[in-house]
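Below: the structure, in C-alpha cells.
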Amino acid sequence: MLEVRNLECVRGDHRLFTDLNFQLEGGELLRLRGANGSGKTSLLRTLCGLLEPAEGEVLWRGENIRAQRDEFNAELLYLGHSNGVKAELTAFENLRIHNALCGRRLPDDRLYDALVEIGLGGREDLPTQVLSQGQKRRVALARLLLSDAALWVLDEPFTALDVDAVAQLARLMEAHLQRGGMVVYTTHQEVEMRAGACREVNLDR
Amino acid sequence: MGFKNSIAWYYFSAPKNFYVLAGRLIPWFWGAAIVLLAVGLYMSFFVAPTDYKQGESYRIIFVHVPAAWMSMFIYLLMAAYAIIGLSWKVRMAEMMASALAPTGAMFTFLALWTGAFWGKPTWGTYWVWDARLTSELILLFLYIGFMSLQSAIDDPRRASRASALLAIVGVINLPIIYWSVKWWNTLHQGASVSPTMAPKMASTMLTVMFIMAVAFWMYTIAVVLMRARRIILERERQTTWVMDLVKAGTGDKQ
Amino acid sequence: MNGINETGAAVQPSLMSAWRAMILRDLTLAMRRRADVLTTLFFFIIVVSLFPLGVSPEMAVLREIAPGVIWVAALLASMLSLGRLFSDDFQDGTLEQMLLLPQPLSVLVLAKVLAHWLVSGLPLVLLSPLLGMQLGLDGEAIGLLMLTLLLGTPVLSLIGSVGAALTLGVRGGGVLVSLLVLPLYIPVLIFGTGAVDAATSGMEYDGHLSLLGAFLVLAALLAPLATAAALRISAE
C-alpha cells in the first residue's frame, strides 16, 4: 500500500540517500536503521509528504501522495521529534483540538479515557507546560489511541518514556499491526515487538 | 512548440547542459553589449540633436528610459521564471530567477539615480514624488525584499523556492501598486518629472534609445548567464559532473 | 477500538468544524497570552502619540496628517504582530501536524488569519476613534477612519501572513518580514488615508471604500493559497 520508488533525498549539501526502494503492506512493521545524520528523520518526513524528495516518489495505494494530499493525510498519523503539543493548553484541550482539526467529533469521555489509559489520569486538565518531558510525550501518544489512521509514522517514539510507557507503546503498535495497520518507525532503543512481518531498511549501507 | 524545440528546452533545463551552453554564449553577449553600448553612447552624446527646450541635460534619458524599461522587464521575467520553477519543478528556472534579481535591482537603482540627476537641472530638485519615480522606488523595495529573503535562508533549495513564491506574489501586486500610486499622484497633483516625449521628438532619439535598450539587454543576458553559472556550481557541487569539473581545474574558468 | 479507514472519509462536513476549532484554538491561546495582544495595542498608541511631539501640537497640522499617521501606525502595529502568527506553532511542532491534516491547508490558514486579525487588527480599529480625537478629527472623519481600518486591516493580516510564512524560522525574520510586506501594504495605505482625506475636503469617498472592499476580497481569495504554499516550503 505504501511504496517508495527511487527515492533520493538531499539536505543542504548532503545527499542523504539515493535510489531507495521498498514496499509496505497492511500488517507490516518497518524499522529504519542508521547512524545519526543518515537521514532517518528526513525519510520519515518525506514519507509524510512534509519533505519533497529530490528524485523519486512516494505512492499510497498506487498513487503519488502529493496528488492526493487530503486523502492520504486522513490515513496518516505522524509523530515527530517535537510533540506537537501546545504548552498553554491542557492535555485534554490539546487532544480535543487535534481531533476536531482532523474532522473527528468524539465524545469528551473518549478523550478522557484515552488520557487515563496513556497514564495521564489526574493531569488531564493541567496546562502541558507544567508536565514532565515524558508526560508531554504521552499527550502526543494519546493521539494513537484515538486515531483510525492506517499508517503510523513514528520518529523516535520511545524517547523520554519510562519502562512501562515503552511497553505500553509497543503493545499499541502491535495491536495496530494486528488490525492490518502499518507502522514505520525509528528508534535507538531495542524494544521487543511481536509482529507478523518485521522489516528493516538500513540507511548506512 | 515543435517536438524538436521542446526536446531542446528539456535538454537545456538540465543544469549541466545549461552550464556548458551558457559558457559558450557569454562572450558573444558581452561582445554585442560592448559594441552596442559604444555605438549607443556615441550617438546619444554626438549624434542626437540638442533638445530645443531642455538643452543638453536631456541626454541622460538615453540611459534613464531604457534602464526604467529594463527594471520592469526583468521583474516580469523573474516572476515568469519563478512560476515555471515552482509549478514544473525546474531547478534551472529557479536559479535563473535568482540570477536576474541583482541586475534588475541595479537597473532600478540606475533609473532612480539618473532620474534624480535629470530632475535637478530640469525641475530644480533631485527628488519629486512623481508617480513613476515613486513606483520605481517601490520596485526597488521589491527587489531588495527578494534578495534579502534569498540571502537570509541558509538552505539553497528553500531559499530559491521561497523567493520564487515572493516574486509571484510581488508580480500580482505590482499592477495594483503601480495603479494606486498613479491615482494617488493625480489626487495630490504632484509634479510630473517623467520624461514626456515631445511629439516631434527626432527619430534619431528613438533610435538611440532603442540601441541603448538592446545594449542593456545584451549586458543583462551576459551577466545573468555568468551569475547563473556560478549558482549552478554552488547548488550542484555535490553532483559528480561538478566534482569532475572542479578536479579538471576548469571550474573557475569564465 | 476502531478499524482501518478504507478510503479517505468524507471530509466536507468536518471542514467547517475544523475551521471553527482552528479559530477557537488561536483565540484561546491569545487569551492565555494577553500580554502579547496588549503590547501591539500600546505600540499603536505610542507611535501615534509621538507625532504631536515630533511634528507640531498645532491642531490644524495634526488634523491634516491624522489619517496618514494613524494608518501608518496601524501598518506597523499589524506588521509587528505577524511574528506570532506561525512561529510558535512552528517551534512546538503543531504547524507540522497542521500540514498533515486531512483538510485543505489554505482554508485552515484563512481561519488562523481571521483569529489573528480578531486579536491584533480589530482592537486597532476599536481604538482608533480615541487617537482620532487626540489628533483633532471630527466625528464624521473618525467614523470613516474606523470603516477604512475595518476594511483595510484584514487585508494587512492576509498579505502579512504570506510574509510571515516565508520568513518562518529564518534568522532576522522580524525585520525581514517588514521588508517583504510593507511595500505590498502601499495600496491599502493609499486608499485608506485617501478616503478620509476625501471626506474632510468634501469629496466623494465611496470609490475608495469599494476599492478597499475589492482588495479585501482579492486578498482573502489569493493570500491563503500563497501562505499555504509558503508554509509547505518553510516547513521542509
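Read from first to last, the chains carry the letters A, B and C; within each, the first residue is number 1.
One rule holds in what follows: a contact is a pair of C-beta atoms (placed from the backbone, for glycine too) under 8 Å apart; a residue touches a chain by one contact, two chains touch by 3 or more.
Treat the numbers as computed from the prediction; the structure is a model and nothing was measured.
**Q** Tell me, which chains sit next to both chain A and chain B?
**A** C
**Q** Using the mean of all protein Cα atoms as the middle point, what chain has its own Cα mean nearest that point?
**A** Ranked by how close its C-alpha centre lies to the overall one, first comes C.
**Q** Please work out the Cα centroid separation of chain A and chain B, and write it as a whole number of Å.
**A** 47
**Q** In whole angstrom, how far does the Cα centroid of chain A sit from the Cα centroid of chain C?
**A** About 35 Å, centre to centre.
**Q** Roughly how many whole angstrom separate the Cα centroids of chain B and chain C?
**A** A distance of 33 Å separates the two centres.
**Q** Counting only residues that touch at least 2 other chains, which ones in chain C make the list?
**A** Residue numbers touching two or more other chains: 236.
**Q** Spell out, as numbers or ranges, the residues of chain B touching 2 or more other chains.
**A** In chain B, the residues touching two or more other chains are 155, 157.
**Q** Mind listing the chain C positions that touch chain B in their complex?
**A** Spelled out, the residues of chain C in touch with chain B are 162, 166-167, 170-173, 176, 179-180, 182-184, 186-187, 190-191, 194, 215, 222, 226, 229-230, 233-234, 236.
**Q** Where on chain A does chain C make contact in their complex?
**A** 26, 48-52, 68, 70-76, 78, 80-89, 93, 97-98, 100-105, 145, 148-150, 175, 179-181
**Q** In the complex formed with chain A, which residues of chain C make contact?
**A** Touching chain A from chain C are residues 1-5, 7-9, 11, 13-15, 17-18, 20-22, 24-25, 28-29, 32-33, 91-94, 96-104, 108, 235-236.
**Q** Touching chain B in the complex: which residues of chain A?
**A** 10-15
**Q** Going by the contact rule at the top, pick out the chain B residues touching chain C in the complex.
**A** These residues of chain B touch chain C: 86, 138, 141-142, 144-145, 148-149, 152-153, 155, 157-158, 161-162, 165-166, 168-170, 172-173, 176-177, 180-181, 183-184, 187.
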